Amino acid sequence: MMQGRKLSDYKNDENVQTYAVLKQVELRKTNAGKPYLAVVLEDSSMELAGMKWEITEEEAQTFQAGMVVAVSGMRQTYRDKPQLKIFEIRPTRIDEPQNPNDFMPHGPMKADEMEAEVNRLFLKILNPKWQRIVRYLLAKYHDEFYRYPAAKTNHHAFAGGLGYHTISIARLADQVANLYSSVDRSLLLAGALLHDLGKVIELSGPVATKYTRSGNLIGHIVLIDEQIVLAAQELKLDLFDEDLILLRHVVLAHHGQLEYGSPVQPLVREANVLHQLDELDANMQSFDQVLNQTEPGDFATRNWALDNRAVYRPEHDKN
Amino acid sequence: MMQGRKLSDYKNDENVQTYAVLKQVELRKTNAGKPYLAVVLEDSSMELAGMKWEITEEEAQTFQAGMVVAVSGMRQTYRDKPQLKIFEIRPTRIDEPQNPNDFMPHGPMKADEMEAEVNRLFLKILNPKWQRIVRYLLAKYHDEFYRYPAAKTNHHAFAGGLGYHTISIARLADQVANLYSSVDRSLLLAGALLHDLGKVIELSGPVATKYTRSGNLIGHIVLIDEQIVLAAQELKLDLFDEDLILLRHVVLAHHGQLEYGSPVQPLVREANVLHQLDELDANMQSFDQVLNQTEPGDFATRNWALDNRAVYRPEHDKN
Amino acid sequence: MMQGRKLSDYKNDENVQTYAVLKQVELRKTNAGKPYLAVVLEDSSMELAGMKWEITEEEAQTFQAGMVVAVSGMRQTYRDKPQLKIFEIRPTRIDEPQNPNDFMPHGPMKADEMEAEVNRLFLKILNPKWQRIVRYLLAKYHDEFYRYPAAKTNHHAFAGGLGYHTISIARLADQVANLYSSVDRSLLLAGALLHDLGKVIELSGPVATKYTRSGNLIGHIVLIDEQIVLAAQELKLDLFDEDLILLRHVVLAHHGQLEYGSPVQPLVREANVLHQLDELDANMQSFDQVLNQTEPGDFATRNWALDNRAVYRPEHDKN
Amino acid sequence: MMQGRKLSDYKNDENVQTYAVLKQVELRKTNAGKPYLAVVLEDSSMELAGMKWEITEEEAQTFQAGMVVAVSGMRQTYRDKPQLKIFEIRPTRIDEPQNPNDFMPHGPMKADEMEAEVNRLFLKILNPKWQRIVRYLLAKYHDEFYRYPAAKTNHHAFAGGLGYHTISIARLADQVANLYSSVDRSLLLAGALLHDLGKVIELSGPVATKYTRSGNLIGHIVLIDEQIVLAAQELKLDLFDEDLILLRHVVLAHHGQLEYGSPVQPLVREANVLHQLDELDANMQSFDQVLNQTEPGDFATRNWALDNRAVYRPEHDKN
Amino acid sequence: MMQGRKLSDYKNDENVQTYAVLKQVELRKTNAGKPYLAVVLEDSSMELAGMKWEITEEEAQTFQAGMVVAVSGMRQTYRDKPQLKIFEIRPTRIDEPQNPNDFMPHGPMKADEMEAEVNRLFLKILNPKWQRIVRYLLAKYHDEFYRYPAAKTNHHAFAGGLGYHTISIARLADQVANLYSSVDRSLLLAGALLHDLGKVIELSGPVATKYTRSGNLIGHIVLIDEQIVLAAQELKLDLFDEDLILLRHVVLAHHGQLEYGSPVQPLVREANVLHQLDELDANMQSFDQVLNQTEPGDFATRNWALDNRAVYRPEHDKN
Amino acid sequence: MMQGRKLSDYKNDENVQTYAVLKQVELRKTNAGKPYLAVVLEDSSMELAGMKWEITEEEAQTFQAGMVVAVSGMRQTYRDKPQLKIFEIRPTRIDEPQNPNDFMPHGPMKADEMEAEVNRLFLKILNPKWQRIVRYLLAKYHDEFYRYPAAKTNHHAFAGGLGYHTISIARLADQVANLYSSVDRSLLLAGALLHDLGKVIELSGPVATKYTRSGNLIGHIVLIDEQIVLAAQELKLDLFDEDLILLRHVVLAHHGQLEYGSPVQPLVREANVLHQLDELDANMQSFDQVLNQTEPGDFATRNWALDNRAVYRPEHDKN
């Protein structure tokens, strides 16, 4: 029945018929008290808000965030934003797509490509203590690392975003170590590979991502520090050996300033570089995301992840 | 030979002859290139800067921070501050006082009084998980807890200051739990007893106190969080049980705001109260310390630990 | 006719029939230009927004903020918030409740209980000058003091909130004076009892509370300082006697920092403590208010009065 | 004996013999413990630090801040700053100048000229309530108003500076009222004439100026507000009449922002204008003061009263 | 057909029939997906939002921002704000008004009056270099200077606002130069006349004003600095002559602080004064604009251009 | 006579005999009024403060900043810092070194190596407009570009520092363009090569570097923007062509935030990247500089150019 077109393939006022995953589901009421279903649909091409008018509460309860649905409707514009007026919506059948992961946006690399690249970069860590801890923790959280997003919203908020963001930074780190001989490549790469790994505890997972209780109450920076400490105990490494202190410092300081959630400021070169590369990669990803929705020659709407700037897409930008 | 008078007992231009501990020692040179010894002496009554002119480098090398010395000289005033012009200075002999701890300022409670009070307050923690962790860590760092200061300089910078500050806050916490029924006394007391315990790792000890490497690179807030995590593992408690998360949160958030070094803001009542009582007790101690050096009816000099305020000692203040 | 159930007793989609007071009344128009009445109803249990469709402008003019009404309708949910679809609404008749005070939320203490407690605490002020001024001003604003809220919205925004907030702080103050011998209990209590009394001039009253002209243009901190000055003149006390200056200082400085509206920072111990207890009590009340609307195990929505934090209600919280 | 030359008339390395007033006096000791006298001399031309070596404590006690002295010595330069190496210093005799006011810098207007100008501007206040209050308070503090400086240091820190600063602002205010018809000239002028009058209570006087106890603990903004309130009571004016509220508001808000010590922000036009003119005049005076000590074509040293800017004196500046 | 009444002449619920210019035009859709036209109408008296229900997309495409239209409808109130329910709307015919400039709000001075006043003030610039550059640039941008607004929204956002704002500041500047002899009137006036001239490049024009690409990417401060540099080259003036540097500095620094977009802080008197007068005039215009929409005795809604203050219109304000 | 040892080759208390350049010269007086010469000596190895006691004013006037001198003395330590007690000092003779450039610290690359590398990177700019402007300006300021430091103090404050800092950033930029396909390498490289070129006007030169008048009053960011504009005019390029606007934007925005002196925030990818690489390279250079003066295992003193951090040199750091 479905033609396999993606959500972003439809134009305004065109009839839509496709599969998508439900990112959010809410039963609301109109001013007049009538129930309707407000959803956010998502496939690998985009997110799209949708409204299903005239629905009973029983029908509505069928739907939950994370479910794959078959949906038909008409794409419209409401307050400058696209939305879908839904005619019909139902969970997919047994012979239709059912794996939400197939409908979620993915980064430009597949999981196995990412793993190969992480391994390549990992081999450049020469210090055996850092090597052992990084290997231990990448193994412990192997599956989550390549499936989780790097954020709930904002930059790298796609399945596999955590691995992809980590690789981007580790590649930059490798180049920086080439250009500055005073940088300890091993420490910088170890920090780069671990710095955001606490997100596999902070976030609930790749589908319908939320912050977990420990994510909110402890935060991914301390969560990964705790894991390093437990790993060191497990591997019988001295917690107060300088190498262990340095690795924890580099990871703890990677937000750069106390007001961004790091309990310490970067006090060694590698901590400073890691923080700056983290910012650079996050900004690049935000620019790409924002400008992809902006016409050449136009200014984008203000974006929170870019310090509320209204950034510009040049006319000759062909990305 | 010594009369047992304390440093603060001497008046200006009076001859001094006493024992004291060397808090700082430095070999300096005059404009004209001649070496002299610049020290900071300390006994339980005060700190006093001193200068020994005409000294050889060999003689100077005898002295180290933390050593007890016999000293004679004349008390003078230099730029509004008292100092000692030293006539003679030498390490104490075998039959003279040699334990630096006997010369350092102490808080108003002795170690055993403090321990009794901590035990009394500890018994009010009813939740067994928090009880076990607090007991485990107070035992692990038992000696340091009652000997360390709570800071290198500023408030509670005296031997035993850490225990005393902890008790002051725990007593306030107990009262607050009496006045507000919604506060969980057990959680608040557990947090109060542990909140600054990381200082036994952050600081080098009660004599000639400095920040340690891990103190600077990790900080006492995360250092105690790591110890809680290791204790939980040792005690076979589930790290992601809510009670464990709450205790870590209360401790991590006790600086109240990210810019003061907490990686998370207080999100539960007890974390909020602990932060506020910490501030209240630190301020009270700073006021006492500053106003003790101020005449009734005068304004003190600006003080960093009190947000640079020049606080006032009322005329009728008899403390 | 009315069954005496309170607003918070009704479930979603249940028919409502009760009395309540109108906290806000507004005549609005729909997109299509049709008038409707938008109100906020309040009884001692909660506030509830309501809409009465199809109403003429004449009918609408019957209603004013502060009026008691009989109302029937159906409770619904709109954008996650409860609201009342009103079927009928009319002012109460002569044989029905008419006193708005009976419908407003009250603090946990009655006026006479509060008065007794204030008197008990007042007797601990031993300095006769502070005693006379506090007695004079509590008498001058006696009625308002026990009836006014402590704020228009946010913490202690209920009838009697001003007295209740004052008592909470004075009780804490009394405990703090027990724990710190350097604190002048008389000054602290005098400051605690007067610190927010300017709100009886700043706010319009307990019903449909607004800021007055002098509230906006002068503010409650300076308004109570002016009253202290006038009281001193009336009682023939020397305005520049230290005791008088200290009392004014403690009251003027109770917001703690210039950017929060205090014209001076706290420069004496008691001013500092008063500020910190004010913050502690305001925070406790805000936590209670926010978490009462949050399920155990959930994070609340961000709250302005708590620095925009999304605070957490633990699973075992039974309040 | 004295030639009547002023301090600024002497060149480096020239012998000095003149009268001056002691702005500060301090007995210090050299590194070697010898007493010497450190003073700041002042006459209408400049301030000059001076050192008298070899002095006994008894001799030193002859000298106090505010005293007129006869002094001889040699002008030298120490760390880029001029200072006087004093040969002889003694209090002036009965037949020599003894009034410190004759030696202090004065603004460009004499007291009687200032009074005439204040009266001229006062007559432009047409509202009788503001007129009466301004007249009452200018009369109450008549003498202080024309003798006090406007600050302890920084801009207008000369005898008569308060009156001069007030007149400068009132003249600007008069012009602004000419250019903007929506400004109420009476309110703006009443606010301008009163805005800094609290400084006669905040500061100790024109000689050896210090902050008073109430200056530090209450501040000149609230001190003048209190006086307006007492004046209103004396003149039987209703304190909550709008005119009275507006006048207090304009005065209370004249620092413009809470963090600069105003308890309210300017909410009426005249309060806003008064704040801006206050800043403009203070800046102009600071520029004059700083650039008078700077050569044409040079940048001045950074100045606190000018937000730490290193301002520039153009080459053609002939002031 | 039209009666010539202006938009602000109509009362609520009155039938409207008039000409106006379209400030904004947008085709939106209702929740139910039906298209409607949302416009902002403007004539010299006010701006008014309007809705035209039931319109086809083809009809909607007739309308563009900047076009003069004939419109009929009913004035209503929606969420406290006036709006027009449009019955009919069409572009004006050949025999009807077609020049959008005739419908836009104008400042209190006509273009030729402004030009005369600018010339009068220009003649007070005595320095020939500044004279030549100001003359050159006022000539180069003659037409735009008297037609452009001084902002897209906020203060002076009316046709001719740029010239009017410039004149207001230049008049204030002239008075300030009278009152302070150390101010260089020529430099201050040259800076005042040029300071905002970059807005003729930054903004798109007086109708449907937007920021241009170079306005967003370079900003009016640097844009006018570039023009001064090109003018100097054209007039064969040495770019690094002090006079040229001073003029650029005064213009570059007129926002007063780096965070407001000036690349340098004001370091000469005239730069400082210009900044302060710019702020004063902008504030005065904002007060007028906000209070014109506020009843006497009421507080206005918070206004962004006035630092989010809710300013007050006194009861006796008759403006 | 001279042995050719460098300043950093001498130990404490060793006799020194060498050539060096005078970085600063000042004639000071002792407390007792005796003149002495205070200098800062510099050779390629370090800076060293020195004092020559007993000197006449005539002798002192021989010496000026920037002069090469022969000096003998003894190296000592004063307040933790090395200094030279000078026995003899004289300008070098005709047969001794006289070129100050030979004595100043240089970056790791020679001028011709830098030029080759700049040319290599320049060739990667493919857009002809950017190419022409960059070529024009690099030619116009060819000599200064390879000789000037990048700052007066702080990072890259050595001769040739400007070129070296530029190359470091351009190399990083080239790598970033490899890793992110959406970056326009030509624009990024053009911006990188020009971004700090205004420093050749802002600074006085490589010897005894000071800020120039236009450096202080205009700043290097606007100074280079002006030069781009003049170059465009010279090359007959349209100033408002998008390419020209983009290049100016990238250069103007390179300080990243308004408060750091950029008049606009980065709104295109390349501006954002350039800012981040500028910060990274400046930080790396500051770390190197600070840690070179720190022992392995020690924390450095707080450093202004590193946000006042006390950074750490790990024990195994062998740089």
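By written order: A, B, C, D, E and F. Residues from 1 in each chain.
Everything below uses one rule, namely that contacts are C-beta pairs under 8 Å (C-beta built on N, C-alpha and C of every residue); 3 or more make two chains touch, one makes a residue touch a chain.
What you see is a predicted model; the values in this text were computed from it and never measured.
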{"item": "Those chains which touch subunit E and also touch subunit A", "value": "C, F"}
{"item": "Shortest chain-hopping distance from subunit B out to subunit E", "value": "2"}
{"item": "Copies subunit C and subunit E touch via same or different residues, half shared test", "value": "different"}
{"item": "Magnitude of the superposing rotation for subunit A and subunit C (Cα, nearest 5°)", "value": "120"}
{"item": "Distance from subunit F to subunit E - Cα centre to Cα centre, in angstrom", "value": "44"}
{"item": "Shared interface positions of subunit B, touching two or more other chains", "value": "213, 216-217, 242, 246, 267-268, 299, 310, 312"}
{"item": "Pairs of chains found to touch, sorted by chain label", "value": "A-B, A-C, A-E, A-F, B-C, B-D, B-F, C-D, C-E, D-E, D-F, E-F"}
{"item": "Residues on subunit C engaged by subunit E in the complex (per definition of touch)", "value": "28-29, 31-33, 213, 216-217"}
{"item": "Subunit C-facing residues of subunit E, complex", "value": "30, 51, 53, 74, 76-79, 85, 297, 299, 310, 312"}
{"item": "Of subunit D, residues touching subunit E in the complex", "value": "168, 171-172, 175-176, 179-184, 242, 246, 265-269, 272-273, 276-277, 279-280, 283-284, 287-288, 291, 299, 307, 309-312, 314-317, 319"}
{"item": "For the subunit C and subunit D complex, residues of the former touching the latter", "value": "213-214, 216-219, 221-222, 225-226, 229-230, 233, 239-240, 242, 245-246, 248-249, 252, 258-264, 267-268"}
